[in-house]
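In order of appearance the chains are A, B and C, and numbering begins at 1 in each one.
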Amino acid sequence: MEQILNYISIGGSFALAISGSLKAMGKKFDPFGILIIAFVTPVGGGTLRDILLTEKSVFWLKETPYIYFIIAGTIMALIFRKRLTYFHNTLMFFDAVGLALYTITGVQIGIDNDLSFINCIILGTLTGAFGGVVRDILVNEVPVIFHKEIYATVSIVGGIFYWALARFNVSNPFLQIAPILFIIAARILITYYKLAFPSIYGKK
Amino acid sequence: MEQILNYISIGGSFALAISGSLKAMGKKFDPFGILIIAFVTPVGGGTLRDILLTEKSVFWLKETPYIYFIIAGTIMALIFRKRLTYFHNTLMFFDAVGLALYTITGVQIGIDNDLSFINCIILGTLTGAFGGVVRDILVNEVPVIFHKEIYATVSIVGGIFYWALARFNVSNPFLQIAPILFIIAARILITYYKLAFPSIYGKK
Amino acid sequence: MEQILNYISIGGSFALAISGSLKAMGKKFDPFGILIIAFVTPVGGGTLRDILLTEKSVFWLKETPYIYFIIAGTIMALIFRKRLTYFHNTLMFFDAVGLALYTITGVQIGIDNDLSFINCIILGTLTGAFGGVVRDILVNEVPVIFHKEIYATVSIVGGIFYWALARFNVSNPFLQIAPILFIIAARILITYYKLAFPSIYGKK
């Protein structure tokens, strides 16, 4: 089970690298800049998490496969850049998968470190959703998850769900599969129906 | 004494969370984005300090009260957002209190780690003044303390004052109270009289 | 040899602090803001490297000379700011020296930590080229090495060169001098002839 999720997680970095590459190409970055944005989109959140914990070196310094999949994703994006719109739905799906897997990984690491409930959720959301924040800072935009999309909220709710199951000793595979499916489904439905919170600022 | 300062410090995070929330609402962030900006404004500086030291995990992963006070401050700001201008002076006061307490905390941590004089002052200024830098990067603005306000300088001078007292074995409560009052007073006077350094760029 | 390189490296921070100061003055920063940009330009990359490794505290918390040379460079830049264009070539030369020395330092630290080939190159490029990225984020610009200059690529190629020599047990002084000279020469030629990669985006 762990093994399978690990493979999916590494595979997810491939899809997120493609989506990061597209963002960087939209900003007319050169190949090096594209590679950096492709890199931080999948692993930026987990990097922040590891830095805050200071338990050990950042994960991708030891788990090299992530890096190779990211480089492969970037090369794919560079080659097929004019035809990537055909894969829009596929990318959206993997983006949701990444959000789900990275969120529960982060919450589990919080549990492993005996952190309080709220800090477990924070680590989950950091891991799941803050790669995009690092990406947006590097391309000099206001991070999109702060003002536009219901993205982090899905990670928070899914993280609470996973934490509660773990707390009540629900065992695998249900422990992991239920919140993963919840996050994927919620994220896809929100994107598909273009759902948004009612604005707190009133109408323009 | 330590205990009292610790309570004030946690309480200060409540006020700084309100001031961060106001900034984020000015940028039309959604509630999640507001919460993040409310979070980094008080604890961003100490987070940078802990990351650079890599002695242990970032402080708020173990000291959860900060997080609850920040969430409370954010909720307050969301509810009373149209009436917060009435509390302008109160917020300004707590901002100065935060600058003072966080600065001497940072300098003391430098002393505890046997760092050189200049690195103690750097840690003090990071802790006291760089929450605002993290906040400004996240809202995609040039950090205000780099070009507009006499803010970091107060932290530097106050930090040197505290370091000198500690060096000459001045004991508590004078050791902590004198630099704290100095920083609070200096910061409030500078804000009140709108003092600024003479520009090094000449007149426009 | 180590000793000599260490002195050059500290000296290089002086020149990079001047170049950072010029950037900050172009943005009308106040003296504190100028000092911060002068600081992150030389040491920002190595700081990121040390944070990701979490082996020990960030290097400049223990190696204070860097800080004094940076402060000296900033004061120089403030005093001679109207005449610094005369030193344009000198600054460019030291920028290339910094890129070279910091790159091989980073690769060597990767080797010392038994990291994989690709992570050694990543640490080298981070150390050599990402001070400029931190600087650009703080002045709220898109990092220049992501879209304009052949800078990081020189660091990558030079880092691979050094890694290969180290791998085949080439000994000093050739081990260090060859890649250092390569990076300096490549960077200077690229700047002088204004070389650029062909754009992947076609003509405007």
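Throughout what follows, a contact is a pair of C-beta atoms (placed from the backbone, for glycine too) under 8 Å apart; a residue touches a chain by one contact, two chains touch by 3 or more.
The model shown is predicted, which means the values in this text are computed figures rather than measured ones.
Drawing the touching chains as a network, do you get a line, a ring, a star, a complete graph or other?
Looks like everything touches everything, fully connected.
Rounding to the nearest 5 degrees, give the angle of the rotation that lays the CA atoms of subunit A over those of subunit B.
Rounded to 5 degrees, the superposing rotation is 120 degrees.
Measure off the straight-line distance from the CA centroid of subunit A to the CA centroid of subunit C, and report it in whole Å.
About 31 Å separates the centre of subunit A from that of subunit C.
Quick one: which residues in subunit B touch 2 or more of the other chains?
51, 54-55, 137, 140
Can you check the complex and tell me which residues of subunit A touch subunit C?
For this pair, the touching residues of subunit A are 24-25, 27-33, 36-37, 47, 50-51, 54-58, 60-61, 64, 67-68, 78, 137-140.
Help me check something: in the complex, which residues belonging to subunit A touch subunit B?
Contact set of subunit A toward subunit B: 51-55, 113, 115-116, 118-119, 122, 133, 137, 140-143, 145-148, 152-153, 156, 197, 199-201.
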